[in-house]
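Below is one structure, written out as structure tokens, with a few remarks after it.
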Amino acid sequence: MARLLIINPNISPSVTDLIEAEARRAASPGTVLTMATARFGVAYIETRFEAMLGAHATAEAAAEQAAGHDAVIVAAFGDPGLQALREVLPMPVTGLTEAALMSACLLGQRFSIIAISTRISAWYRECVDAHGLLGRLASIRSLGSPLRDVASIQQDHRDALVALAERAVAEDGADVIVLAGAPLAGLARQVRDLLPVPVVDGLSSAVRHAETLAALAPAKARAGSFALPPVKPNAGLSMGIQALLARR
Amino acid sequence: MARLLIINPNISPSVTDLIEAEARRAASPGTVLTMATARFGVAYIETRFEAMLGAHATAEAAAEQAAGHDAVIVAAFGDPGLQALREVLPMPVTGLTEAALMSACLLGQRFSIIAISTRISAWYRECVDAHGLLGRLASIRSLGSPLRDVASIQQDHRDALVALAERAVAEDGADVIVLAGAPLAGLARQVRDLLPVPVVDGLSSAVRHAETLAALAPAKARAGSFALPPVKPNAGLSMGIQALLARR
Amino acid sequence: MARLLIINPNISPSVTDLIEAEARRAASPGTVLTMATARFGVAYIETRFEAMLGAHATAEAAAEQAAGHDAVIVAAFGDPGLQALREVLPMPVTGLTEAALMSACLLGQRFSIIAISTRISAWYRECVDAHGLLGRLASIRSLGSPLRDVASIQQDHRDALVALAERAVAEDGADVIVLAGAPLAGLARQVRDLLPVPVVDGLSSAVRHAETLAALAPAKARAGSFALPPVKPNAGLSMGIQALLARR
Amino acid sequence: MARLLIINPNISPSVTDLIEAEARRAASPGTVLTMATARFGVAYIETRFEAMLGAHATAEAAAEQAAGHDAVIVAAFGDPGLQALREVLPMPVTGLTEAALMSACLLGQRFSIIAISTRISAWYRECVDAHGLLGRLASIRSLGSPLRDVASIQQDHRDALVALAERAVAEDGADVIVLAGAPLAGLARQVRDLLPVPVVDGLSSAVRHAETLAALAPAKARAGSFALPPVKPNAGLSMGIQALLARR
Amino acid sequence: MARLLIINPNISPSVTDLIEAEARRAASPGTVLTMATARFGVAYIETRFEAMLGAHATAEAAAEQAAGHDAVIVAAFGDPGLQALREVLPMPVTGLTEAALMSACLLGQRFSIIAISTRISAWYRECVDAHGLLGRLASIRSLGSPLRDVASIQQDHRDALVALAERAVAEDGADVIVLAGAPLAGLARQVRDLLPVPVVDGLSSAVRHAETLAALAPAKARAGSFALPPVKPNAGLSMGIQALLARR
Amino acid sequence: MARLLIINPNISPSVTDLIEAEARRAASPGTVLTMATARFGVAYIETRFEAMLGAHATAEAAAEQAAGHDAVIVAAFGDPGLQALREVLPMPVTGLTEAALMSACLLGQRFSIIAISTRISAWYRECVDAHGLLGRLASIRSLGSPLRDVASIQQDHRDALVALAERAVAEDGADVIVLAGAPLAGLARQVRDLLPVPVVDGLSSAVRHAETLAALAPAKARAGSFALPPVKPNAGLSMGIQALLARR
């Protein structure tokens, strides 16, 4: 029985609600979910600058609410702050991108990412690169039109997203499709039988992998690059962040 | 509630027993396990030739017994036959190496593999490379002495294995330790608090990731490189293999 | 004067005949050829699963017939079992893919592979990757239509194959063309003057490189990852395989 | 005549003073420098979490003070927030790591980084990787002992740092040495004649490269991944950050 | 105040004049330029063979004229002889490709190269690879038509070059455009406001980076792969080259 | 029956004699050899600058003497001018490094290079990289002491070279040993039974691969990056080089 904290790094409560609904569907019986939404930032993270803001907001939420949970999920594609949080939190952390890539790697050799905006593609590519998985990326394909509304994107663009996935399989050599972004949570489940290859999304992957990490219960790193940062003077930080940094 | 088929690609029933005991410890409540042991091959796979034999033996076991399961686990490090089985089986398949690498990736940036023989190291390195993860491999360290007995290796060499792991953290920059090989199943759990970084093994990872794959229930690929092989004449194959190839 | 054993990992005697005819054309005067055909497997290997079967069948043929030869050739593109056989055979071994890639590397910087089916492309890409040569691969282009008959493919599709090669030069930056697959043996010779860049096939390359390896007469590895596998218990193996594993 | 804003992402005024003194020495005649120090964060950034805080603090400083400058310098090794700032600022931005790596690439083929703490090495390696320059990294060597005082590190550890550099040349194949970290600003100048290969530091490199960027006066990206983020709702952000995001 | 020697590795005085005019525009006040033109070679280097000739001619010019300068610029894209000269000259050396790539890396993550002939593209790609920067190359796009006149290429093809750059941004993901080749010197300045991303050329970059290297004044390597070649017998070399090789 | 031109890019006639003696031992019966020695350059190429001179000298020799031969061999490790000559000569060309690497790739997965001077190692590494084979390089190990006499190196240093090879196998994971450099020609044959893995040298490999290329008789490239350079004005070139460039 795992207790998971799911943090939406964006400020959109409607996306948090979507995440929660789908997370409950994906979770094992008995898993307990706590939801959190970023206190500051933007409505939808598409760029490095927005991700930098989202990382800090995610860290603040984690600092306040992580205690008592078995694992934490950063619930935006691109996983803002994931590696940073992995240094300071005592429990495992994963994110939507990381979790989706792991699922994709478990289901085939090369994967394509279907993204909801062209702008977001460069940043996603850097995320895949940071995971060392560029060699398994068949392509990133994205909707070209500006988004009307992040909350209704599944309804508005479902056919276009499926068509992008089909082209990734036929033309780019994808063995697996990753539907990227929290606003697409649940779509993989709905289009499962429309696509000719396995399709995963970040949220259900993250919930299940977080349960696995909770079950494996790895020790917190006391050495290496994910040990707690060395204690040193700091200034201007929230109480929560200060407490994280003071922990030993 | 997942039904998992776990196939030992080696002919050693004692290792199958060890695998089963640890798999039961690692599995979620309700998960059902079926064990199988290779009918032909060698006692312990350390080389490409042995893995080639083990792959075929694993395929024969899968052909006979996979029906009715939700996922299949290839229970030897190096995952003999994994990618091949992924083409022909209707349910997800994973293996000890793949699963351990995914767990390691979820827990840190770079990992070291601790192996039980020097000879096996080159083959492990090729496996990591085939997964596209060489960029995250900090090192492979191995016991140098010839193995006395594969079944008692945990008792015989526990201290030496822990020492290798400590050197991988201190000298090679490992954030996570992977204890490699089915004969080490369970050791990660036992040395969890001795090591300064998270430590994973293939078996518990594979059991949990197989459960996740069963829960995500991805569709079988109908296109791409993991679709069923095109139907064509064959000869000299077992009934089980023939049936797998004839499936549509 | 080299004695070469050429093993067709597929069960098609008609392809073995084609291989033999072209191998005799390619061989130096005095080279002696022995032909073998897989006892079990499929008519034409296009996937990892089929290659796994072909690898075992090739090993059985090698175990029975390699004695007395100076070098062995695995005569299917993808080279099923090549690296495994290199561990256990006392003489050099090469395969059609490896040999063709080496020829291509000797003739230019980047090469394209022209393949006879779309399905085979993903596996070929993995083969090139396993050779560490992805950086020199300009592209893989393939016939899209299902094959009518593997034996008549050169007649049926010659113009289409030439057109694919021309596009690889003009659009993908290929300096050399590799015509891939045993069923295309001899085609490189026939289209030599039609294409604007050097063109090689696997079979003539393999015959010549095998002669070279026989002439260089390298010692069998007694250390490293191509030494004989450590002696250990085995079961259920053919007499030939047992003999290979017992050799010291 | 360039006007440069130099932002110390750490909260240490003593390091800002050191940076300023060395920056004045490195600058061309006529270059005007403005110094800024992070309002929040830690005394010395060694980890991803600390860098995440520093990135936000740097962005706040840039949002307040960048106007009227020709280029901006992120004056901590690791360049916290550099790529994010490059999206939102109208003038060029560089950082100490980026600038030092560019100088090193202009002076030789492979470089080694000499770092002031072991902990910092993993993060530096990820920075080099994010620049796509891992292939030119000969090694990272670092002081092993805990730092007594970041302000006096040049005096306390000069001989040890030189010895590390000498070993990088002799044993790791370094053609150029990078002395990493703002607290080492100026040391490259002082040990120039002690080392057998060219030695660079980040600060003098950043000042000179920033002058070059100011002189080249590239247009701000209106497309691609460094264009301004799409306008969208935001919340909880400082006036400065809001203004940056509202700019068109 | 830097004294720069700029060597045109091609035999075209008209290109040398173009280079000089643009170099004077790009240089800081006070920088002194000396121009040199290859005594032998071809009118415009597009291939490896031509670059080999140009490298030697550049070395002859450097041997005769480098004394008394603070830095040397190899003023042809592809930088013929750059790494060789870096071994034997006592002052820093850079080239148009190297300098342009460094500028591009300082302005964005991925860049595209716009080249003036299709033939030149393969060689440019190898240059980028030799710099270890293939991971940051978005694409190389080139004029397809044969060049009428290298001296009037900017007038003849300006619109086509701009169109290629626009496609590189829109279709290939370029964050920065590199206009490649000495005959395009100055074009970046002229089309600066036409393109939606920053655009750089090699010449202005090289002049500014050479000034920076002169200011940083790195010591000449006495060890590593850019130290002077070991003294040894030679024959048939010009007095200038002999003097370079005899220097200690 | 192949006619091979073997060009020593160094000015040492004693090394040419050594090369000739070993080439005759390695050649097939009936192969005809022509020897040439560089008219200008240095006694032994160890650096990029020396290689640049050797490339031009090799081109001059090829321009004068290649006519009437079936293949050309660049007989110095590092293959100065190889890729350049491949553009302009109508027959195949190979070099000692390229040929040795191909042989090594045909005999195992990873290879180590044993070099005769420390200085030469960096350049060799770049050569392996230019071949795209860094992923298969286990290590480069070299004699540390300055060379007394290039002609007697085999006698002077045989035991040290064998010891380096043994360490490469035991510590670096080499499956094959490459003895690098024309002065080591023949040593592989002599130490064949002393080393625990296959050992190759460049010269015997180059002779055999050149025979193979002559037998395969590939067409000269009329497109791609190895077609003849476009015709254009030139100046100051030898008659031989002019003739090569004028050829259509």
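Which chain is which? They are A, B, C, D, E and F, in the order written, and residues in each are numbered from 1.
What we mean here is this: a residue touches a chain if its C-beta (ideal position, glycine included) is under 8 Å from a C-beta of that chain, and two chains touch if they have at least 3 such contacts.
All values derive from a computational prediction rather than experimental measurement.
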item	value
Other chains in touch with both subunit A and subunit F	B, C, D, E
Each chain counted as touching subunit D and subunit E at once	A, F
Selected interface, E-F versus B-D, where C-beta contact pairs are more numerous	E-F
Matching chain pair for D-E (criterion: over half of the contact pairs shared, by residue number), options C-F, A-D or A-C	C-F
Centroid-based (C-alpha) most distant chain relative to subunit D	C
Centre-to-centre distance between subunit F and subunit D (centres being mean Cα positions), rounded to whole Å	43
Averaged-CA centre spacing for the pair subunit C and subunit B, given as whole angstrom	29
Numbers and ranges of subunit E residues touching at least 2 other chains	83, 86, 109-110, 122, 126, 129, 135, 173, 175, 224-225, 227
Pairs of chains, among all present, that meet the touch criterion	A-B, A-C, A-D, A-E, B-C, B-D, B-F, C-E, C-F, D-E, D-F, E-F
Subunit C partner contacts - residues on subunit E that touch it in the complex	121-122, 125-126, 129
Residue ranges of subunit A touching subunit C (in the complex, touch as defined)	109-110, 135, 173, 175
Residue ranges of subunit E touching subunit F (in the complex, touch as defined)	11, 39-44, 46-53, 55-57, 59, 81, 83-88, 117, 119, 122-123, 126, 129-130, 146, 224-225, 227, 229-230, 232-237, 241, 244-245
Subunit F-facing residues of subunit C, complex	26, 28, 83, 86, 92, 94, 98-99, 102-103, 105-110, 131-133, 135-136, 169-170, 173-176, 192-193, 195-200, 204-205, 208-209, 211-213, 215-227
